[in-house]
Structure formats: structure tokens, C-alpha cells
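Following this line, the structures themselves.
Next, two complexes with subunit A in common: one pairs it with subunit B, the other with subunit C.
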Partner chain A sequence: MRETTKTIVLTGVKAPNAAITIENIIKGAEDRNDIIFMISPGSETGIDAIAKKYGYHMEINADGKNIGARFAPVSKAMKEIDVTGDTCPGPAITVGNHLSSMTAGDRVKVKSGCSDSIEDIAMAVKAAGSKVVETGNEDGKHFLIAEKAIKAAAQAGAPVEKDKLLIVQSNGIGNAERAYATFIFSKVALSMGKTVTIFLLMDGSSIARKGTAAGVKHPAFERLDKMMDDVIKAGAKIYVCELSAQFRGIKSTDLVPGAKLAGAATYLELLSDPSYTIANF
Partner chain B sequence: MSYESEGKELKELLGLKGSPVAVKLAKTVADVPAGIPKMSEKTRHCQFVQNARLKGVKGYATREEHQCKGGAGVMGIETLPQAVASGDMYYKLGNFKTAEGALETVTAMPKSTENYYASIYAPLEAGGFEPDVVVVVVNPKQALRITQAYLHATGGRVSSDYSGIQSICADAVIAVKERNVPNMTFGCNGSRKNSGIADDEVIIGIPPKSLASIVEALKTFKEKWG
Partner chain C sequence: MDMTYQIIALTIMLSAMISGFITFRMIGMKLAVHFGALALALIVTLAAIATGTTPIVYAAAALQIIATLTAYTQTWKILQYNFQTSPGYAPHLALVTMLPVLAIASLLV
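Moving on, here comes the complex of A and B:
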């Protein structure tokens, strides 16, 4: 386990002196832990080259007044996983889970016999705020190398970060494919580090009634109620439209654990929150 | 190599006027090494350094013994006075043309990120404790040799930053303790006027871990250059 990140304040030190000082600090460091250098805007010249030279990954976070340049050592041992044969959403979830347990600068190599699968994983990696640093072919398989990055804080005036997913489900188990898609997409989004909220309304509200989802089982997938339980346990919020529930005689005590009734205001608030990407099923 | 022998060798190899000074910051009274007395007089941090360097005085100074509150403030021994933290004092003293310039400078000044009970001083060769920083007061040629010695093993360049205020406290102690790399400073009005830092002297803070390689390089230079 890495020790606590050290912060060294170099604000006011101009370029190129900031870079010279940082190089001497890195060169003389007795251990390879994360270090954050606080520097003034304009002083960052040349420090990316120092990070590269000494095997660190560098991320810049700016708050407008000062810059935090985080140096995270690139791990020498790179994890390797092979997802050949796995079908969607398996590979994206596997890689997402790996990334979430990694430290900034760590890399993972993902191999697959399917190039489409690698492309899909690349999308998931980028969406999670990390980077794809290399792609290619090796031993008859496609691969990518993903590097865990530190997500930069959004700055004022910057485009809104779409790091939340709102899934609106209005079809219920009458359309099993859409019902399954609700929870499969939730699982993938959760593995990508996104916040997931599911809003069940109209026929969709019945999915959260105890026992209803247990009656849905596709041969290729888990039973629907188990899949719903998995995403709740993984942190997804499930709201059930109060009006739709009332219309169908569903009371709060009829709902599966983890689901709760919510009014129109909650729904409208979620729809108007720009940080949400909305998917309808 | 012990600090005792490193201290003696530094003096001899560089031809120092006084001793290198071991400076340590203690979080509690229990962290003050045994045998180190409390300073008997109230004075400034830079004067404590000079007393250790030139008179061999060793001791520790709590906030009560620190006369210069700016120095004690940047070292985390007490709260930095508002007049210093705001830049007002240095603006009024005439160091800066504008209050904004004064504020920018004091904001960038190295400050301890932790609070301390006391600062401890001793000649390096006689301290008997693990210092946080070793402060040397040297002439430009001795500063050159230290720079060359620091770069001797792995090369590169040296960078020092200072602002002409709070030099021996912020630049030579705190900057070095926080960064673990040497820093040279030209002193400040206080240290020049009150503590007897001579016109032809500069101050360098050295991390203790760099001492052994510096001493070794100085020996090599002595053999090669005399």
C-alpha cells in the first residue's frame, strides 16, 4: 500500500527553477510515493519531461490560482487480463473493476480475440476518466493498455462533466429486453465509476414490486431480480414513480429493498441536472 | 559517518568561519533531545543560528524565547502575525511598491505545514541529535564548493528561491525541511542587521541526508584542486 501523498509547495518559484527544484526532489527521494507539487501558473514548463524521465505519471489540477502537479510513479509490473470469449457487458465491467482498484499511473493490459470488444473497452476506459496509452495486436489477439488517471476537477466555465447516468424505464417486464437492458447498462456504468440512478415509471414501476422481476429469466442472462439486486448493492439508486405506483396499487411496503417511491419533482430535478446522461428503456 | 565527523570535516574542508548548525523542530517537549537546555535568552531564530555557529551555543527555543514572531510563525512554532501574513508589514517597511506585491510574496513564502513546540539549535559536530536541516553560513566560494559537491554524484542543476525576507527561517530551514533539497538564500534585513550575517556571506540549508555525499565530494575536490 502506498503511503500518504506528500504535498510540496513551490508557489512563487518561476520557470525553469520550479522544474529544477522538482527534479532534485524527485532525484533525491528515498521512496517512490505520490507527490503533489503546488506551483504557480506558468511555472509548469518542463515538469512533464521530468515526470517522464524518472518514471512518473503526471496529472495537472488547476484551481485558477495555483496548479497541483501530481507525480504518481508508474508501476513497473503491469497487470494483464484476457477477456477473450467474454461477451458484452462482461469485458467492460471486468476492466472497470480493475481500474477502480488501481492507483493513478498504474497500467493494465487487456487482451481479447475480438477487436470490437477492445474498442468497447477503450470507450469504457475513457469514460471512466482514464487513458488508453497503446493499442495493437500481439500473438493473434487485439490488446490495449489502459492507464489509470486522476480525474481532474471540473473548472468554472468548463463543459459539465457527464459522470452520472439516469435510466428511465417505462416499459416494465412486458418488454423483457428493455427490462434487462435497464440493469445491464447500469452494471456497465457502475463499473465505469459512474453514479447510476434508475427511475421506474408507468409500466416500469411494476419491476420494483416484490416478486415481479423474479419471474423474468432469459437463458443467456441472470434472473432479472438478481440483476436488479446486484446493481442496488453496487450503489445504484432506484426510484419508483409515486403516481405510477398508486395507479397500479403498489405501496411502498410492496417494493424490493433499495427501491423507494419518489414524486414528479424528483423526476424533473433529475432530468434537468446537466451532469446526468439519460437513457430511456 | 556521524554528524560529529561530518560537522568537523565540513568545517575543515570548506574552511568555515564557524560551525554548520544542526536545526531541528520538535513537536512536543518530549521530542527535545536529552541534554539540550532551554535557551537562556530571548532572541531571533537567525541569532540562535549564529550563536550556535560562532559561539557553540546549543539549546531549544519555544515561542517564549522567539523574539521574531515572523520567524517563529513560518516555522510553525506560533501563528504567523497578521501583519506578516497579509504582507502589510513588508509593504510598510518599503520592501514592495504595492500591497499586492507584498501579499504575493508572503503567500509564496515557505511555511511549515505542521505546528511545533520548539526549534533546537546546536553546532553540527556537538549536537548529538538528528537534525531536520543543517544551516551553513558561507562566503560565495564556499557556496560554490557546496553546489559542486551536491551535484558531484548525479549531476544536474541547482535552483534556489528566496525573496529577501525571512531568509534563515523560511528559506534555509522550512523550504529545505519540506523539500529535502538544498536551498541558498542571501539573508534578509533582519538577519543582516541584527544577527551579524556579514556582507560577504550567504546562507545555505542542507538536508542531512545529503551531507555524506557532499563531504565525500569535497574530499575529492581537495585532492584534485587543492
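Moving on, here comes the complex of A and C:
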């Protein structure tokens, strides 16, 4: 069950008085629940040091006029989850459920035998507004440490530079024209200086299987596998839906160099990133 | 020699030329080998029906079987991994799969 969050309004109190008042409130608090201090811009000087001193995690949210400084107590114990063997979307859902039951500042360590799975979880953590504070290897397994944070509200009217292209390919080599379009559009976008990410799902996942694209050749274009290789070398990222690959018996070792398995969290995070223009083939 | 089975095979191959051309546009040059075999089988079958010569009927039957085999070899990877688009290939494969039975029947019956 979530604890009650107190909101204390200190707008108009200038620095360093705001910090002194906050310290006194924190010191005298009977319980260690989340507290939001509403302060005026410029009054936040020194309050991060107070949060650290008293074992709180601090998060600042600005709404233009005022600043909301959220103080969340840092838990002493860090939860640990091992998702080795779980396949998409299992690990992302498991971690998402853990994060939703945690309070801001709490941390969870997630271990997996698969690095792709950890990357997918990292996407899910970021999409939920939380942070990945550490990644690495331990006892032959990959891990990440996620810290719960409160998702900041999107600022309305903020300009977004759409300099990235996400190509979603779900037809595979069964439709040669769509398969070609995937890499032709990628080439054009790369030449325009855009960042290109290709997500292969459903039938599209087979394109990244070694040898499959080699059987596709149109007289007017170079062979599909060569075109895919050019695009990878030019810097495009190719993700293959883990679930679609599993449906077709395709393993990560079957994929062409440069393509990697990714879960549903990665796909959804890419779709919801406003800097991406999305093209479907 | 009874030409009934060869006439049925010819009918199927004519239909298969249409479904094959539509399939060809979806898959591209990969199907060229099969399309060539099918066109050749159609011509030789016509010749077999027109002349009724036993060696030409045998040749037509052999080409009909080859045309069927090439349909599967050229679409195998698609059938193996493409669950959404492979139904587009079903009409053509269903048609050409009748050919080996008719080819054998034309020689034995």
C-alpha cells in the first residue's frame, strides 16, 4: 500500500531560508513518507544536500511558476529479481509490476542470463519514468539496477525535432516490395543524416535470419541481404521481435551480425518516442 | 494413349500461369525458375495432346512434376517463416500440387 504524500507550500521563501525550513521539517518529521515542497524558482539552492544528509531521494518538477521538490526516503534494502529464462514480455512486466509497487528512490536489481532481455527491461524502466543507475555483469549474468522515480508530466507545446526514423517491417520476404522498401527508405534516411531504427516483427523477423534475405533479388536493385548489410554498416539499428522470432524458431545466434532480439518494451518505447517518424512496411 | 489426364493438367497449368504470375509479382525473381519450368511444361503438354506421341507425353509428365517441385523449393523459406504472407501463395501451390497426380495417372491409367 502506498504511503500518504504531504505537500508543504514554501513559495515566496527565498534561499537559504527555504533550505533551512526544509531541513527543520525533515528533521522533525515523525514518519518517513514522501514530502513535496512547493518552492519558488531560485530557492532550491542547497536542498539536494539536505535530501542526501537525511537519506532522501530528491526529484524536482517545475511547472513554470513554481518548483515541486519531492523528497522520497531511500530504502535500505534493494530488491533483487532474476528473470533468467523468461521471454518477452515476461521480464518487462515483472519489473514494471515491481516498480509500480515501489516508492520513489527505491531500487531494484534485475538479473538475466540474456543481455538483450536486460536492454529491453532498461527500455521499460525508462518508459515508466524511472532510471537505470547501473548495468553490468555478475556471476555470469547480466544485471541492471533500476531506481524508481516519478514520471514528469510532458510539457505541452514543447518543440520536438523529428530526426529519427523508425521502420516497422512485418511482412518479411513473402512480400519482396515491402522488404526492399524497408532498406531503400533506410538508405535514404541515413543519407539525410537521420538516425534509423528498424524493428522487424511477425513475418518481418525472418529477414534478419542468416541466409533468408539472400534469396530476394529484383533486377533493378541489389540483393536484399547486401542492402541490409549496407544499412547496418551505415549505422542503422535492427531489432528483431523476440516473440516473433520464438514463434518461428529463430534464435539470436541465427541472426545476421548487427541485428539483435528485442522485446515488446523496446518496441513500445520506440513507438512512443516523439522524436521518431514511423514508417510501416 | 488416353489424353484426358493431360487435358486436365493443361487446364490446371493455364490457371496456374495466372496465379503464378500474381505470386511472381509478390516474391520477385526467386520464382523465375519455377515460372520457367511451368511455361515449358505447358508447351510440352500442348505438344503431347496435339501429337499423342508417347515420348512427348512422358516428357510432359516429367516437366509437370518438375514444375510442382520448383514451386516448393522456391517458396520454401517463405512457407517456413512467413505466417502472415504465405497464405498469398496458397492458391498457386494448391493448383500445381495437382499436377504430379495427373502426370502419373496419364502414364499409368
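In the analysis below, the second predicted complex is superposed on the first by the 153 of 281 C-alpha atoms of A that agree within 3 Å, B and C clash if a C-alpha of one lies under 4 Å from a C-alpha of the other, contacts with A are read in each partner's own complex, and residues count from 1 in each chain.
Rule of thumb we're sticking to: contacts are C-beta pairs under 8 Å (C-beta built on N, C-alpha and C of every residue); 3 or more make two chains touch, one makes a residue touch a chain.
Values in this document were obtained by computation on a predicted structure and should not be read as measured data.
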Which holds for A:R248: it touches subunit B only (first), subunit C only (second), both, or neither? second
Looking at A:N171 after the superposition, I want to know if it touches subunit B, subunit C, both of them or none. Which is it: first, second, both, neither? second
Now for A:V216: first (subunit B), second (subunit C), both, or neither, which partner does it touch? second
First (subunit B), second (subunit C), both or neither touched by A:A62: neither
Is A:N17 in contact with subunit B, with subunit C, with both, or with neither (first, second, both, neither)? first
Going by the contact rule set out at the top, does A:D203 touch subunit B (first), subunit C (second), both, or neither? second
Indicate the residue numbers of subunit A shared between its subunit B interface and its subunit C interface, in ascending order. none
Residues on subunit C engaged by subunit A in the complex (per definition of touch): 26-30, 77-78, 80-86, 88-89
Touching residues (chain side subunit A, partner subunit B) in the complex: 7-13, 16-18, 20-21, 23-25, 27-30, 40
For subunit B, which residues count as touching subunit A in their complex? 104-105, 107-111, 113, 154, 156-161, 163, 178-181, 207, 209-210
Counting only contacts in the complex, subunit A reaches subunit C at residues 170-177, 202-203, 205-206, 209, 212, 215-219, 247-248, 250
